[in-house]
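Look at the two complexes coming up: chain A is in both, with chain B in one and chain C in the other.
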Partner chain A sequence: MNELRQLARKLLADKTVGVVIGYEEGQGAVTRPSFATSPEQAEKLVFDARCVQNLASYLSPRRSTVRSLGKPAVVVKACDAKALAGLIREAQVKREDVVVISVACGGVLADPRSGKALSEAMVADRCRDCDGAHTSLADHKVGQAKAPAFGSPKVDARLAELQAMTAPQRFAFFKSVFSECTRCNVCREVCPMCFCARCMADKSEPQWIESSPHLRGNFAWHMLRAMHLAGRCVGCNECERACPAGIPLSLITRKMQKVVSERFGYSPSDDPNVPAPTGAFRLDDAQEFIR
Partner chain B sequence: MSRIGVFVCHCGENIARTVDTAAVAQECGKLPGVIHSVDYKYMCSDPGQLMVKQAIAEHKLTGVVVAACSPHMHEKTFRRATAGAGLNPFLCEMANVREHCSWIHESRTAATEKAIDATRMIVEKVKRNAPLSPIHIPVTRRALVIGGGIAGIQAALDIADGGREVVLVEKEPSIGGHMSQLSETFPTLDCSQCILTPRMVEAFQHPRIKLYTYSEVESVDGYIGNFKVTIRKKARSVDEANCNGCGACQAVCPNKKIPSEFDAGLGKRSAIYVPFPQAVPNIPVIDRERCSYFRAKAKGSTKVVCGKCAEACGKGAVHFDQQDTLVTEDVGAIVVATGYRLYDIGKDQDSELLKGYGEYGYGTVPDVIDGMQFERLASASGPTAGKILRPSDGKEPTSVVFLQCIGSRDPSKGIEYCSKICCMYVAKHTMLYKHKVHHGQATVFYMDIRAAGKGYDEFTRRAIEEDGARYVRGRVSRLYRDGEVIKILGFDTLSGEPIEMDADMVVLATAMRPQAGMAELAQKLSVSYDKHGFINEAHPKLRPVETNTAGVFVAGACQSPRDIPDSVAMASATASKILGLLSNEQLEREPTVARVDESTCSACFHCERVCAYGAVEHKDIRDRSGNLVRVVASVNKGVCQGCGTCLATCPSKSLELDGFTDAQIHAAIMAF
Partner chain C sequence: MSTATAIENKSPASAGRFEPRIAAFVCNWCTYTGADLAGTSRVQMMPNVRMVRLPCTGRIDTAFIIKAFERGADGVIVSGCHPGDCHYSEGNYHARRRFAMFKELMNFMGIDERRVTFSWVSASEGRKWGDVVDETIERVRALGPFDDYKTLLEETP
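Moving on, here comes the complex of A and B:
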């Protein structure tokens, strides 16, 4: 923790950056995003298993307030680094415009509000297959990287169950979960890869997606969100964590990740130079579906 | 308020047989915004078109829907008619009630209903059509020809004779291509070099042809009428301006045992060399891989090794320190004429598709050669001065066996296509052999004899009937060396008898393949190619020398196996296309291209990355005092082909295709 504060202090003192985006103590047991703009403020930075948020989201050009604070340094976990790489890949952030502080993370809590310690039962699902290594994007590495060892992600078992269902059964399942959606759009707001100035879901002429929380519009929204994130979603699972209706969105994002991996040989990467399939023109793409 | 006219065509009986066209016209007449709806026997006929024109004037139409055949057939016709009546042509659309409806359905009721649906959808679309005007783009009135074989030379000469400048790029040190290696040509048996070299010299001396030999196309930017081509002039190590081609350098070069590419490995050349005596230009090049000077340097030696050629040169033209240089040429059109190479049957294959022919012992059994090597043996300029002798011992072969279809027409070996020229050149080889070795016997193993062409069948008949070539229908399963001779095991499928025979020499008629590196070149040019690497034409029948990229044309064996007459005909066809293209100061393009909504573009540039044509550019948005506010994507209308890939990938839906906007498509879908 001291190492992190010291580094932040130095970066702010010598004006390398205008803001350090990290975590600080929040209300109750949780931590919250922190924006330290002076060496003194660096003292409040913390990092532990409660720091679940993906701070790369704050680098999106949508966050104009953060942008106005000057050049940012951002604290990233291995999972967040993939989102940062995504933003660089899709020209939203220039690599040289951000200082990357990679923190060693041994996994984070699924629910930091619980106040429980990190354990096999309490760990966030995405941490289960994380190698915990420092990202190659790191300008500064804080702490010794270690791989969390918590078994395989539970979402895969749930996906296998869904896969075993008949199509009408699966449809009924998604109908029941999507009927809970209130279209609050928090999944979109929290997503680091949803950076469009105007979301196509808000386009009204023509309106492709009904905006009222009606099952038909809800289906359209979640399916389109899945398609828009195909090959772009980094699996940080912020959407599912933030969803007030408890919709298991990782079932969709994880499935899409698997499909993209099988079809295009692409998995979320922290290397911004690896082209993502939606933004690449390849002559050797599989095209056996064209008859 | 829209005032749409609907015109339903019977297409004689083609549509009316299955679709109740009168009912379609009547139903569509009731649609909101449709104020005129009629049916007629042939809408595309003069009276039919006149109906459209008159209706536009009489009813002050704001849109025209023709329910007839595919827009591929007659969209142009009806848009012209619409324009003729003073309405913007892009306010006219076609509903396809023939290919999509009457031709594929049997039930008259259902087909009529579908025709009404299809027409209604287009009516709703046309209500949202906007007038579009053609895009005008300037034209650089000169052309690039890639490849200096007979196809490239012919194309360059025809374009230059037509009055336009040509840049001709050849990767070898001399132009001439494979044709310069041939001895005689079918079906006339005239000497290949005698008919080719005048063309080579003419191309070299033509005031409007700029020749780059030993050069390759590095990159191509731009679009039809406005290509920017970067050409890599490889270091020749000889100053082209000073060299007078005296040959003194070659005479003193100590490395004289290098297999000559021109002689298909049968002859030898020096490290500094002119590929063949009639080379154009007659300027040597140093093979840096084989030259002692460069090899010593590559090994890190600081001593000057050899350098005899530089000493011998009276002009001081040998420059060891010459570097590759890049030159840029602006052209308006491009011809790809990169030609072919032969299937390297025995050696390692460059493609997983190709399996090779281990059973024929090429490269391991002496005196098993390929067709090009036989050409060199038969050629007066070849390693044996035109005497047909066995490469192994220099003896005159009294029995030569020719095997056809080696590599070609054999999907299991990787090439399913017919190499086309082999039947003819094998017949030619048997004749050349008979003419030079009178007591010799030629035997040909063939699958079919394909001799379609003017004078071609007569030619093969002559080989068999006058020159006594023995044709055996069947394939050879194995051949091996047995003492002095090559044992051949095969099967005559006409008599059903196995064949075992001896030969002094075996010639394999190996398949034509496109040149190496075609995929890379095609990608530079954004043209499509097949799995073998042949360039795809835009339409196999109606646009045989165009590619799917406007302004890029294709001639000769890089498109598919071609003989000399075919290649020359294609070359002249490209020249005619290009002269037509370059006859205009400006080009007119269809305005159905993509457009960026700059206010919502989030500048992720997925569109740029997926665009196969390189049509997406970055555009700076500045405020009134000129400060950069942000950067957005922008479509170059001259390059865009209107494919719509960018629209599909745009996350914020900030791209629209004019003529096919979201509002139009949405309205059409909702009308169903």
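Moving on, here comes the complex of A and C:
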């Protein structure tokens, strides 16, 4: 913690950056995103297992308020670094325009409000297959990287269950979960990779995605969200954590991640130079489904 | 089967059977031209297809397929140039990746993937276009109306 504060203080004092995006104590037991703009404010920065948010989201160009604070330094976990790499890969952020502070993480809580200590049962699912290493994007590394050892992600078992169902059963399942969706759009707002200035879902002429929260509009929204994130989603699961309706969005993002990995050999990477699978192709991509 | 019977089977609404509505999204340069050839060659095919011509399969957003189902289509055909033949060099390669992902997503969501036909039909394959159309219609006819999707609006709790 001291190391992090010291670093932030130095970066702000010598005007290397205008803002350090990190975490601070929030109301109750949770932490919240923090924007330190002076060396004094660097004192409020914290980092521990409650720091679940993906701060790479704040680097997206649509966050104009954050951009107005000057050059950012951002505190990233290994998972967040992949989102940052995605933004660089897709030309939304220039690598030289951001200072990357990689923090040794070791896993975060699934529910930071629980007040529980980090354990096998309490850890966020995405941490289960994380190697915990500092990202190669790091300008500064804080803490000794350690690999969390929490077994395989639980979402995979749920996926296998769904996969074992018949198609009508799966349709019924998604109908039941999508019927909870109120189209509050928090899954989009929280997503580091949803950076369009104007989302397709907000366009009304033509209206590709019906905006009312009925099943037909919800199916269109969740399918097109999955398509727009396929091969781009880094699996930070912020959408699922933020969803007030408890929709298991990680099932969909994880499924698409597997499709992309099996078909195109791509997994989310913290190397911005690895081309995104949707911006590239191979002459011999499988086409067994095309007549 | 005599030619007369073949044509009879391909005429609409014979004997009260279910006539599926099929939306076809095709590229201008290959499949549309191929379908045109099918017409000038008098290839017999069933008339259930509404065709939408686009510049390239690369322009075919998967939102089109969803919208077609929303508007009452029972099946969809997506067709364009064979790999290597794209008028814009690589539009169909990009489209192929997108369609592959969409097919798997549909399947995952429990939407019967047999309702969507992806095909490559070149400008010289008028007969293949006739076959793709007939096969798709027969397949979707056997599946019946896509009521699962059509009733989503009413079923909203």
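The rule is short, and it goes like this: the second predicted complex is superposed on the first by the 287 of 291 C-alpha atoms of A that agree within 3 Å, B and C clash if a C-alpha of one lies under 4 Å from a C-alpha of the other, contacts with A are read in each partner's own complex, and residues count from 1 in each chain.
In this text, a contact is a pair of C-beta atoms (placed from the backbone, for glycine too) under 8 Å apart; a residue touches a chain by one contact, two chains touch by 3 or more.
Here the structure is a predicted model, which means the values were calculated and not measured.
A.B. asks: Please determine, from the superposition on chain A, whether chain B and chain C clash or fit.
C.D. replies: With chain A as the common anchor, chain B and chain C collide in the superposed model.
A.B. asks: Under the stated touch criterion, which partner chain does A:H214 make contact with: chain B (first), chain C (second), both, or neither?
C.D. replies: It touches chain C, and chain B stays clear.
A.B. asks: State whether A:P61 touches chain B only (first), chain C only (second), both chains, or neither.
C.D. replies: A:P61 sits against chain B, while chain C stays out of touch.
A.B. asks: With the two structures laid over each other on chain A, which partner does A:T278 touch: chain B (first), chain C (second), both, or neither?
C.D. replies: In the superposed model, A:T278 contacts both chain B and chain C.
A.B. asks: Please work out whether A:M200 is in contact with chain B alone, chain C alone, both, or neither, and reply first, second, both or neither.
C.D. replies: both
A.B. asks: Check the residue A:E90 against both partner chains and state whether it touches chain B (first), chain C (second), both, or neither.
C.D. replies: After superposition on chain A, A:E90 lies in contact with chain B alone.
A.B. asks: Chain A residues in contact: does chain B have more, or chain C?
C.D. replies: Of chain B and chain C, more residues of chain A lie in contact with C.
A.B. asks: Based on the A-chain superposition described above, do chain B and chain C contact any of the same residues on chain A, and if so which?
C.D. replies: Chain A residues touching both partners: 200, 208, 278, 281, 283.
A.B. asks: Can you list the residues on chain C that touch chain A in the complex?
C.D. replies: The contact residues of chain C facing chain A are 61-63, 66-67, 70, 83-84, 90, 93-94, 96-113, 117-120, 132, 135, 148-149, 152-153, 155-157.
A.B. asks: Within the complex, which stretch of chain A touches chain B?
C.D. replies: 61, 90-92, 195-200, 203, 205-206, 208, 228, 275, 278-281, 283
A.B. asks: Which residues, counting only chain B, touch chain A once they are in their complex?
C.D. replies: Those residues of chain B that touch chain A are 519, 523, 599-606, 609-612, 645, 649, 651-654, 662-663, 666-667.
A.B. asks: Using the touch definition up top, name the residues of chain A that touch chain C in the complex.
C.D. replies: Those in contact with chain C are residues 162, 167-175, 179, 200, 208-210, 213-216, 219-220, 223-224, 226-227, 230-231, 252, 255-256, 259-260, 263-264, 277-278, 281-283, 285-287, 289-291.
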